[in-house]
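Structures follow.
Next come two complexes, and both contain chain A; in the first it sits with chain B, in the second with chain C.
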Partner chain A sequence: MNLGTRKILDRSFTAVGFGSIAVMGIALLIVLVPIITNGVGSVFFTGTIEHRKMLFNEFGRGNTEELAKENAASEEYRKQIYGMLSAFEAELETMETEKKQDYLSKYGPVKTALQTLIGPLPGEPEAILTRYKYGQTRWGKAEEKLHEFLYETKWDYSNPDAMSKEYFVSRATEFEGTSLVKLFPFVEEHLEDVLRPEFTVYWGFLTDSSVDSHIFGGIWPEIQGTFFLAVGAMLFAFPLGVIAAVYFTEYAREGFFNSILRSANSTLAGVPSIVFGLFGLAFFINTLKVSESKSVLAGSLTLAIMILPTIIRAAEEAILSVPKTYKEASLSLGSTKWNTIMTVILPAALPGIITGGVISLGRAAGETAPIIFTAAVSVGSAIGLADVFSSPTPALSWNIYNLASEHEAAAEIRHVQYGMVLSLVSIVLLLNLSAILLRARISKKLKG
Partner chain B sequence: MMSEDMQKESGRSGAFIVSAQKRKMQKLAKTGGESVLLLIASFVAIVVLFIFYFVAVDAVPYFQLRGFREFFTSSNWYPAGEPGEFGALAIIYGSGMVTLGSTLLSVPMGIAAAICLSDILPFSVRQYAKPVIEMLAAIPSVAFGFFALVIFAPLLQTHGGPILMWAWWVLAAPFLLLAVIVVSDLLTAKIEDQNRRQQISLVLLAVFALGALAFLYWVGSVLQGMEIITGTNALNVSIILSFMSLPTIVSVSEDALQAVGRDMREGSYALGATRAETIVKTVLPAASSGILAAVILGVMRALGETMVVWMASGNSSHIPEPWFNYLEAIRTLTATIAGDMGEADQVTGSARYHVLFAMGLLLLVISFFSNLVSERIVVRQRKILSGQ
Partner chain C sequence: MHMTADAREVSKTASGATATRDIYLPSERKIISGGGTPHVVAKDFSIYYGEFEAVKKVNADILSKYVTAIIGPSGCGKSTYLRAINRMNDLIPSCHTTGALLFDGEDIYGKFTDEVLLRKKIGMVFQKPNPFPKSIFDNIAYGPRLHGINDRKQLSEIVERSLRKAALWDEVSDRLDKNALGLSGGQQQRLCVARTLAVEPEILLLDEPTSALDPKATAKIEDLIQELRGSYTIMIVTHNMQQASRVSDYTMFFYEGVLVEYAPTAQLFTNPKDRMTEDYITGRFS
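This part shows the complex of A and B:
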């Protein structure tokens, strides 16, 4: 081959290598950036008066006087809207039956759309579900709902070869010639006066319990559940893992038995996470009956088994990286083997062992599949510490799945989902980051 | 007097020489302690046995009830029917499809990244590249699933054609250009006359480049015109899974590459090889078994992943038409276990419940054997490289 071609090949080879690392970095950014930007929106957003009303009624937060003042200002415009509605209803009564029926069928959706936008209308029976007691609490969502109020969404099926297309019909044109026509431009123009958007910082998102299955409120039950599950798993797995690592590094003799133990370790590390879930269900719940049905305890035990191999490996590596001279010095002073392990080797290896533990803690917090059958419920309040042996808990990982794919109003509460994902990702990444920093410090220290 | 002295002597010496009884006690404590340690260390092995046992115990009743045939040969999956049908062929096929798709994407990229990390990047840059890979590995699978479902799937559905076209251009154009250069160089290599060779090579280059461009454009326009009916499909899942299995592949193959010593590389350089030639012809063959182990682990990561496929694969149990159509919704083993258990555990003891354990057993057996193989490979490579 030509030397020039060889050089080009060499350069492009390097470029491919750089390229794939760049792709990984870009992929990381593509995944993280929307999660972070949208997730932040669950705490910092433009809230409407409905949000403040909701906070006041459901959580008893907010200033009574200010809210009353705001309410009065908003009520001024609401009254005009209600006035238009009742004027139209009166007009309906004067119409012929056929025309009246026609308008009534169109008027229903208008009322519903208005209700989702600004909250319950006067004269309606009080809603049972909390979600119908308030209008839009977030201004961004309110603008979307305004569009739904102004335009009817229709689908065009005329071309059978292509996918149906969405198009919008202005509602105002449908009510041409009636008194209701005025309503649409009025709402469009005065929505800000009615809903009074204001920049809001809602830290309660992290510390409040959820209201009406996450339509309002925060994600505290999930955060707490994740904490219980992950810490519970560590309580079981960490001591076991460290002791097993001590055995493997200090006591085990090469041989058939030892190689079986090692194979078992790597087999356990390779078991698909959903199979752990099956095992947890079949063993901890159906056979051992650690609890009646799903419980935090069963979930923690399942997670503990899952993270055990990681902890053992990390602890082994940490123990092996302790310089041999430490051990020899201790033994030459007449210390017993056990004493050497407890007073010299383990303290020196401790930072490394903790690094492994922290990474495993993050893994336990982020896993979903093992807890589906053993610990997670979709709706629930925060549980007390005494209930961990008997009751299941909501958890961040499970509820992200549940809200995004099974919730009946999944598209309405994207901000909650993003907030949950961001919380989970930041918990896991912060744990990992601290592990990375810790490891960097150790390697500096060992280098001297 | 004498006895008193002796007593004193032995009393004094007791501080240095352990009495027989005390030594016995110590030995007992030592063996006792060691056996406790051993017990705890073998806990992992016991757990593995238990997992096999308890998954198998709940899987066997399914095969007793329905036999093996339907599970592996039929693709009618109607577990809730009366009587239920449990053909898992399409589900197994779906699992294989996304695993293959993600492997095709992640293996070349992972090996290239591993080579870059071990041989190309200077140490100072490597320090910043490694945390990126670790972060990619640390992000919980449900977060990837959420991304796939809420962000990527709608994007693929609305702008799928242009995205595919851009991806095709970015990925294929450089490689095709390179191939054109290499082919035209190889074809003219036999010509003796320097001048003529350059001329012919230039002409060939131009012709091939035009051909390649036409090919690129043609495939690109076909891709752009594609209509994607659903964003939650096998392609979406394959792409996301490939990024999830990348960290495993990169870190294991980097270890394998590092294990190939400096002397081999230096020998190759001394013979006048470029870095690319050294890596491709010397380092990669020496590390091939370790890289194979990395690929196996990466495949297992993709096969065993639950949340992403559950959320973003569409969960439709059928074999796509035609069989390689990655733009259709599919269903996988893991997603079926996760999704169907919610209803099936109300009917514990039925075929509907046990068939999920049968799927779990299938996954478990596959993961067990691939782990065994990859472990064997790594051990063998270590032995060969250490010259035994």
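This part shows the complex of A and C:
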């Protein structure tokens, strides 16, 4: 091969390598940017008076006097709205039956939309679910709902060859000639006076429990559950993994039995996590009966089995990378094998072992499938430390899936999903970062 | 049997009469009182790696408190022989031995020999300096702590004494708490000697202790060996024939696993009995 072709090949290889890294970076950016921007929105947002009322009623937080003042100001405009409604209702009574029926059928959706926007109207029976007791708590959502209040959504099916088209009809035009026609411009103009949007920093999102399955409130039960599950898994898997790694590297003799053990370990590392989940249900809950049904304990054990091969691998590599000379030096001083392992080999291997451990911790925190059948519930409150043996827990990974796919009001609480995703990503990133820092620190200490 | 008459003679004199031994000593070296009894005795001692016989039927007495050098070309079995004495070869699973290797009359490879206790009495310094990634103090105190000394004052005394013996005290006394890996190569190697001395061994095995060091550090280690001569039985494996002639009282020449010649150093280097030895020390092969 001549010099020219070799150089071209070298350069094109560099270009391909650089390109693939760039593509990965861009893909990561495309995924992370919306997660971060929307996730941050769960803590920093423009909150309405409904949000502040909710904080006060559900968690007892907030300044009573100020809230009362605000409420009074808001009430001024609400009264005018309510006045318009009752004026129209009185007008309805004077209409002919046919006309009245026609207006009534249009009036119902208006009332519902208004109720969704600014909260229950006077005279309505008290809602059972918390989500119907308040209006919109976020200004962004309120603007969406305002549009729904002002315009009726209709679908155009006229062209059978094309997809049906969405179009909006102003509700105001439908009530032309009645007293209600004034209501729509009034609400549009004075919505800010009614809902009083204000920039809000809601750290409670991370520390509050959820109200009415995440319609309001925070994600503390999920964060705590994730923490319990991951740490519990580590408590089982880390000591076991390190002991197994010591056995593999220091005690095991090469042979048939040992090679079977090794390949079993490698195979275990490649088993899909859902299989671990089913195994956990069948083995820990149904066979061993570690708990009545789902529990943090069963989930932790399942996660532990799942991350065990990774920990063994990492610890094994770390132990093997300890220079043989340390071992020789220790043994030549009259140290026993056990002592050599405990005082020389494991301390020198510690950075690698810890890195493997923390990365596994991150994986345990992020896994969904193993906990579906063994530990996770979609709605629940934070559990105490004493309940981990018997109670299931909500967890971030599972609830992200659940909120996105199974929640009956999934579209209303996108910000909670993004908040959960961002929290989970941050937790895993933070764990990995701390692993890197810890490793650097210990390595530095070892190098002197 | 490649062993020469002289090697047998040394062996004989070492285990028998003492009167004739001094004639083998180099003139400038002093006879060590209380030394010269056989400390490590090999009887038809062979070492195998699996099927391969790395050391073949060695018969030799190592005399106490003298310095014995082991020379020979690469792969001749000299390191294997040295590492057999404190059973470091146990780390290699395929390694096994036949014949007998006696330390103070006890079989090193005996069924009931405690290799941990044995290694405490037979210390070793390796080719590459291998301090632990701990402080200088902890490196020296590692052995004594293993053997049950935990009193800080007592440990300090041992550390100072060992470092002084290894001629390192003056250089490191003000930074005992610093990591040993921060020392220079030569200092690290002397630290390893001090660490070995701290457990008060009877025999010091040096496996090419200067091969990774520069000439200045090498000279210091050689001086150190002279200092320690007379207090410990020292065996040193070396590639450097000048070094062997400088530091040792006796020299063993191994070739392809066979102990070819074993004689007082001055005699082996000036008047080798075996043709092979002569060829090697004159540099005809290496």
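Basically, the second predicted complex is superposed on the first by the 421 of 448 C-alpha atoms of A that agree within 3 Å, B and C clash if a C-alpha of one lies under 4 Å from a C-alpha of the other, contacts with A are read in each partner's own complex, and residues count from 1 in each chain.
The rule we apply is simple: contacts are C-beta pairs under 8 Å (C-beta built on N, C-alpha and C of every residue); 3 or more make two chains touch, one makes a residue touch a chain.
Quick caveat, the model's predicted, so the values are computed rather than measured.
S.K.: Could you let me know whether more residues of chain A are touched by chain B or by chain C?
M.R.: Larger number of chain A residues touched: B.
S.K.: Would you check which partner chain A:253 touches, where first means chain B only, second means chain C only, and both and neither mean what they say?
M.R.: Only chain C is touched by A:253; chain B is not.
S.K.: Which holds for A:104: it touches chain B only (first), chain C only (second), both, or neither?
M.R.: After superposing on A, A:104 lies clear of both chain B and chain C.
S.K.: For A:344, select first, second, both or neither according to whether it touches chain B, chain C, the two together, or no partner.
M.R.: In the superposition, A:344 touches chain C alone.
S.K.: Just checking: does A:414 make contact with chain B only, chain C only, both, or neither of them? Give me first, second, both or neither.
M.R.: first
S.K.: Between chain B (first) and chain C (second), which, if any, makes contact with A:169: first, second, both or neither?
M.R.: neither
S.K.: Thinking of the overlay built on chain A, is A:437 touched by chain B (first), by chain C (second), by both, or by neither?
M.R.: neither
S.K.: Of the partners chain B and chain C, which touch A:274 in the superposed model: first, second, both, neither?
M.R.: It touches chain B, and chain C stays clear.
S.K.: Quick check for you: in the superposed arrangement, does A:331 touch first (chain B), second (chain C), both or neither?
M.R.: A:331 sits against chain C, while chain B stays out of touch.
S.K.: Which holds for A:320: it touches chain B only (first), chain C only (second), both, or neither?
M.R.: neither
S.K.: Once the complexes are superposed, what residues of chain A are shared between the chain B interface and the chain C interface?
M.R.: none
S.K.: Can you name the residues of chain A that touch chain B in the complex?
M.R.: Interface residues on the chain A side: 1-2, 5-10, 12-21, 23-25, 27-28, 31-32, 34-35, 162-163, 240, 243-244, 246-248, 251-252, 260-261, 263-279, 281-283, 286-287, 305, 308-309, 312, 338, 359, 362-363, 365-369, 372-373, 397-398, 400-401, 404-405, 414, 417, 421, 424-425, 428-429, 432, 436.
S.K.: Enumerate the contact residues on chain A facing chain C in the complex.
M.R.: Of all residues in chain A, those touching chain C are 253-254, 323, 325-336, 339, 343-344, 347-348, 445-448.
S.K.: Would you tell me which residues of chain B are touching chain A in their complex?
M.R.: Contact set of chain B toward chain A: 30, 33-34, 37-38, 40-45, 47-48, 50-51, 54-55, 57-58, 108-110, 112-113, 115-117, 120-121, 129, 131-136, 138-147, 149-151, 174, 178, 181-182, 185-186, 189, 227, 229, 243, 246, 250, 274-277, 279-280, 297, 300, 303-307, 310-311, 334, 337-338, 341, 345, 348, 356-357, 360, 363-364, 367-368, 370-372, 375.
S.K.: Give every residue of chain C touching chain A within the complex, in rising order.
M.R.: Chain C reaches chain A through residues 86, 88, 91, 93, 116-121, 123-124, 126, 128, 130-133, 142-143, 146-147, 178-182, 192, 195-196, 199.
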